[in-house]
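There are two complexes below, and they share subunit A, which is joined by subunit B in the first and by subunit C in the second.
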Partner chain A sequence: MSLSTASNIAQSGLNTVSSEISVLSRNIAGANNTGISSEKTANIITALGGGSQVASITRATNLAVFQNLLQATSANAAQTSLLSGISTLNQTIGNISSSSSSSGSADNSPAALLSNFTNALQSFEASPSDSSLATAAVSQASALAQGLNSATATINTAREQADAGIATSVQTINSLLSQFQSVNTQIVNGMATGADVTDAQDARDTILTQLAQQIGISTTTSPNGGMSIYTDSGVTLFQGGTARTVTFSPTATYTPSTTGNAVYVDGVPITGSSASTPISTGNIAGLANLRDNLATTYQAQLDNMAGALIATFAESPQSGSGPNLPGLFTTPGATALPTSTTGLAGQITINPSVDPSQGGNPFLLRDGGISGNANYVYNTTGQASYSARLSQLLTQLSAPQTFAADGDIATNTSLSAYASGSVGWLENQYSTASSQQTYQSTLVSTATTALSNSTGVNIDTEMSKMLDLENSYSATAKLISAIDSMFNTLVTNLSNITVPA
Partner chain B sequence: MGLFSAMTASVSGMAAQANSLASISENISNSNTTGYKEANTNFQDLVDSFGSTGDYTAGGVTTTIRYNIAEQGSLTSTTSPTDLAVQGNGFFLVQNSAGADFLTRDGSFVESGNGNLVNAAGYTLMGYSLAPGAGTPSQSLSGLVPVNINATALSATPSTSGTFTANLNSNAPVLAGAPSATNSTSTSSLTAYDDLGNSVTLNLNFSNISTAASPNTWEVQVYSPASPTPTTPLTTQTLNFDPTTGGLTAASPTALSVAIPGGNTVSINIAGMTQLASGFQVSTANMNGNAPSQVQSVSIATNGTLSYVYSNGQTVPAYQIPLGNVSSPDNLTNLSGEVFQPNSNSGSLVIGTAGTGSLGTIQSSELESSTVDLATQLTNMVATQSAYSANSKVFQTAADLLSTLNNLIGH
Partner chain C sequence: MIYPISTQSFTSATQQSVSQIQAELADYETEMSTGTYANLGLTLGPSSGEDLSLQSQASVLQTLTTTNQTASTRLSTTQSILQTLQSSAQDLLNDLLEGNSNNSNAATIQLQGQNDLQGLITSLNSSLGGDYIFAGINTAVAPITDYYSAGAANKAAVDNAFTAAFGMSQTDPNVSSISGASMQNFLDTQFPSLFQGSNWSTNWSSATNQTLTNQISQAETITTSVTANNPVFQQLAQAYTMAADLGTQNLGASAYQALSSTAQKLLSSAISNLINLQASVGMAQTDITGANNQMSLQTDILSTQIGSLENINTYDVATRITDLQTQIETSYSLTAQLSQLSLVKFL
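And now, the complex of A and B:
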């Protein structure tokens, strides 16, 4: 050991402390970042020539908690997008929060409109000669048809929004994956050269949380520090330093018969019925569930109602023979009963020949022959007090009938019960999604807190560390001044030695 | 005659102390020279008479300057990865511009205009190339080439092997229809590289084809969109899982051999595949090889392996930096520029890999300081000064005695 060695060691001490201070100031600067910002530590080791050196800079991690956060984020995003879609569908039954569990209180729901129409028809049956009651019954029928039309339009809008949402989400995923690719390369590169990659690792984690919003993911890390990303169903999104391409062709306009396109990862479908490994969480999963399942089921319910209305009010030949023909409810220009219910709710209208506003005669509802064929006239004698046909219609309306199973609710029931069942089904979907969303968002905030507690920056700790470092720096500086003064002593004393001449 | 011998002895003493002062001044001037080894002045007496009675003739002193070459200087850290230091007994092998070989401990190497690593004294660092086809390092001077870190060359490495480990869902329903590129139970993919460095996606399709007769049976098919026939599997294997452990049965294949379109036939290790009651989950998916990329930096390991770090993060060993040593390093011939040459006294040069024997390790981002300690040199200087004065005093006294004698004769 010599003075110059001591000086070198003191110098290395100063370097170490200044590195630590720079890490500390990064910690403090990142304490309030919105993204992932974990606590970094400069690891100090004894240097080869004595003294100290910064061996590496590492950051606090908690993989288990972070994976939990990713899962909760994805699940929450799926429920949130589903919930917002159901809220749009709820416009068809009025404001869900003000409606009670009974179906009739929401005044614009198909069930409420059906009930209004039934009431008007009963009043008309009681006074079959009253032209104002006839007009009222027809106008309620028209309101019911329009209600079903606008509900279909709302469903189409909701599906279009979901489709556009998926398109945006896919764009976001591709852009996040390309960001991920560059950050991941930076990390692999930095780890190979021993550079400080902690900031890049934070950035990579932040990208992962953003990605988890869009699509459910799981990750694996390889020994060189690189990461692979898989969907929650195991399809590869990023592997071997290469991002896979996520593709989706959006559909701008939806009709009840439209089937939305699937989202593909590298040619493998991850949504829709063709997917063997469909994703279950993330924004895309929620939107695809809404677009492909929930909205189409609700559409099927409305279509079944429309089909039942057309069938119930169809007229049968009273003389001669022939097929049943559309009565009060029909589709524009139809001359026969529809063969399929698909999309009926969007097309259903009242027959112009009974609509006074289109020059029709509302009493045809009482008399029959709406199609204009004389064989289908029920009130053959033209009595003003004829109510048999109206009674028959009301009986048929309240009688149980068989609905197609694609509506996912009770199939053998009366039309009005089916309509209220449909409202109940939608309300149930809403409350399920809502409580799931609340639960998942609680999980997200719990996981965020847990992550921040285990890996986040604590300003108090940093401040006390800073004081330690300050002391260490002054002690080292003091050491350097001591070495300097020792050297001065040596030089001064040597120059004072008088060598005898 | 005693008086004259006293005078010549003191003159030889003064000359010796002057040599000593010269070595001190060399030491002090090189107190900050990287890899400099301290010079020591050794004194030997010279005896003229052999115990004869009566007359005594003084001998004198002669000096030898020795360099304490084997002494380890303290290492100080720097920020450049090409600053190297030896922690141990070895020496770097360097060449001057004329192609002569030298040993040095001065590792302050920087990249020169042509990409060679050259130290502050102008000597080029030598090593063995680890490029494919260069053969194994010969551990002799003949195979040495200048270490070149020229970062302009592109390099692509075709894939040769990979690992894929995943869990297949034991509760997955049996696949309806024959497995194909578009019909499978679970799908994942690997990125491989062909001979030219194109990335080739390998799609691994796993299909549950269990039957009542052969349960726990899966078929794995590997497809590639880069193949001229993308719907024809590159390979098909049947995997059988043990119903009790969930792992592959002993008879089941543990590797997939896939001929990459335009590339090598790679072996994908699937020995770790499991079939448990959990969803499809990939735990390992690796494939070697890399796309064409540029050298971004170099890293030097303690065993002297210099690796290129490519911009995609791959590290490829490029040079082996050997260390040399002799049996008596202190006897090496010392030349300007902190370089040494073996001679008959030092013993012959032995070359080996850093970290083996007593050669020591190569430390990157470190430099070996000069072994000179200023305080020691300053105190030695005072001692030399005193000795020189004492010698001159002896000379003066002898001269006085002679003049006394002369005066006696004059009277």
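And now, the complex of A and C:
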């Protein structure tokens, strides 16, 4: 052992300390990153010859907690997009509070409009000769028809937004997958050469959390550091260093009969009824659920209501046989009753022949013959207080009828009960989605905290480490200056020695 | 070994709770000011449908109560008209009874008969809000033909029948020669048929036999008008026409006697029928009052049910607001203190 060896060892100590400080400053710099930023540790080993050296840099990981975070993120994203879609649908209901319905402005649900119309009809039935009550009944009918029209428009908008959201989401997924591909390659190559890949690993984890927002995923890691990604239903998104292509062709305009396109991964559908392994979480799953199930069920309920209104107010021939003809409620230009309810809520309107604002006669509601056919006139003698037709309509309106099962609510009930049932159904979806979303976002925040706690940076720890490193640096520096002075002493003494001749 | 928690979660812990508390606080403030849940649909969920159907039941009751007012007004108008008709019939009956033995007050009786007939026609042609209340369901047309208008069919029919029976008009002074027996025969056979069946509906009345009906509560539908085709009005018209337009003031004593006694019989029968009619109108009025009372009770129950769904407990919410205020203040002071807690400050 010589002084120069000691000097070399001290020098390696200085190098080690400065690399440790550099790792430490990277940690501090990333301490408040919102993405994945794990604590890095420089692993020090004793080098040949007794010095120290940084063998590798590793990062704190917690795979289980990270997987939890991914799952919670996907589930939360699904519920969030579903909830925002339901909030849009909820515009068709407005404020259901009884205090607001008395002012008549906020409560615009089909159920409330139907109740207003029934009341107007009831008043008209009590005084069938009163033209202002007749006009009021017709204008409430018109408000009801318009309410159903605008509810359908809202549903179409919600589905269009969901479709556009899926398109954006698919683009994001493809771009994230290509980023993932390059980072993954970097990691695999870096691990093979022993380079520092910790920052790339952080970047890869950040991409995964972003991806989990859009689509539910699970991952596996191979021994070479490469990663594969599968959807939560098991369809491969990324494997063997190659990203699969996610495709979707958006539909710009929705009508009640439109069926949205499915999202495909490498040609395999992952949403919609054609998917054998549909995804269950992530933004796309929430949007597809809204677009394909929830909104269409709600639309079917509105269509059934519109169909029931048209059928209830249809007029029958007063002598001989013949088809029933559309009465107060009809679809534009219809000369017969509709055969299918699909999309009726969007088309339903009141017959122009009863609408005073279109030059019609509101008393036709009392007398019949709205279709213009004289054989369908009920009040044949034209008596001013003829109420039989109106009370027949009121009876039919409150009688139980059979609704199609596609509305997913009670099928054998009165129209008003069906309408309130529909509101109850939607609000139930709303409150369920809302509480699910609250629950899932709590899970995300818990998982984020857990991950941050187990892998994140604590500045206090870093600072105290820095103090240690400072001390160790000054001690090493002291050592070097001691060695230096020892060499000096040696050289000075050597010059004083007289070499014997 | 104690693992350190990361600085990020250490400082963001209070942020999350503060934003959550602020959102809750905003909701509770809305609830305090409105008295109902901030987001009713969200809170009620599946019960929203029940809430709406309770509201719609309450509004049906409200509508029925309002429409009952219309029916009620019509019935009380009808009642007071029937009362007037009854008292004028009674007056005529009294006068006929007074002059029973002779025809000295025949001229008065004839005049009174004319007034009563006009009064009957005016009464039966009463309208309320543009609707003729005795017209059955044909409310747009005045039900009774005015006997004194030019070319009135009912007057012409009476004239024709009189001329056919006695060979002279009622104004002919020779009516004094009509015997009591032939007058009695005319009054018992030809004359009554003028006020019945198709003669009545052709010459006198355009009212329908069908009366107005109103749904006065969710279960009850009652008759809420009296038609001018009611036999009691036919009797009255018959009695008044008898007194007014059969040449009464010029009749001989026996013919007047026959006329007077027939009119008396008709009037007393009509008065007792009127009383029955008034009783049935009164029944309808009672029914409406009863229905209104019952519906007002139902409305109260419904309001309570709606309130129990929609309304918040103000004490509860007030307590929560205070709690949240305390919590949010604690969070603020914690945030301030936590930011001081860093090793950096002490180096």
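Quick note on the criterion: the second predicted complex is superposed on the first by the 489 of 501 C-alpha atoms of A that agree within 3 Å, B and C clash if a C-alpha of one lies under 4 Å from a C-alpha of the other, contacts with A are read in each partner's own complex, and residues count from 1 in each chain.
Just so it is clear, a contact is a pair of C-beta atoms (placed from the backbone, for glycine too) under 8 Å apart; a residue touches a chain by one contact, two chains touch by 3 or more.
Small disclaimer: the values here were computed from a predicted structure and weren't measured.
Because the two structures share subunit A, they can be overlaid on it, and in that overlay subunit B and subunit C fit beside each other without clashing. In the superposition on chain A, A:A47 makes contact with subunit B only, not with subunit C.
Once the two complexes are laid over each other on the shared chain, residue contacts for A:T251 go to neither subunit B nor subunit C. Of the two partner chains placed by superposition, only subunit B is touched by A:V268; subunit C is not. Legend: residue contacts after superposition of the two complexes on their common chain; A:L494 is shown touching subunit B, with no touch to subunit C. In the superposition on chain A, A:V235 makes contact with subunit B only, not with subunit C.
Put simply, more of the residues of subunit A are touched by C, taking subunit B and subunit C as the two choices. When the shared chain is aligned, no partner comes close enough to touch A:S472: not subunit B, not subunit C.
Of the two partner chains placed by the overlay, only subunit C lies in contact with A:A112; subunit B stays clear of it. Of all Cα pairs linking subunit B with subunit C in the superposition, the shortest spans 31 Å. By the touch criterion stated above, subunit A contacts subunit B in their complex at residues 2-5, 8, 11-12, 15, 47-50, 53, 185, 187-189, 191-194, 218, 220, 222, 224-226, 228, 230, 232-236, 239-242, 244, 266-268, 276-277, 487, 490-491, 494, 497, 499-501.
Those residues of subunit B lying in contact with subunit A across their complex are 31, 74-77, 81, 85, 87, 166, 183-192, 199, 201, 203, 225, 279-287, 296-297, 299, 307, 309, 311-315, 363, 366, 369, 372-376, 378-379, 381-382, 385-386, 389, 393. Note for the complex: subunit C touches subunit A at residues 3-10, 13, 16, 34-36, 40-53, 55-56, 58-60, 62-64, 66-67, 70-71, 129-131, 135-141, 208, 212-215, 221, 306, 310, 342-344, 347. For subunit A in complex with subunit C, the touching residues are 31-32, 39, 90, 93, 95-99, 101, 109, 111-112, 114-116, 118-119, 122-123, 125-127, 129-130, 381, 383-387, 391, 394, 416-417, 419-428, 430-432, 434, 445, 448-449, 452-461, 463-464, 467.
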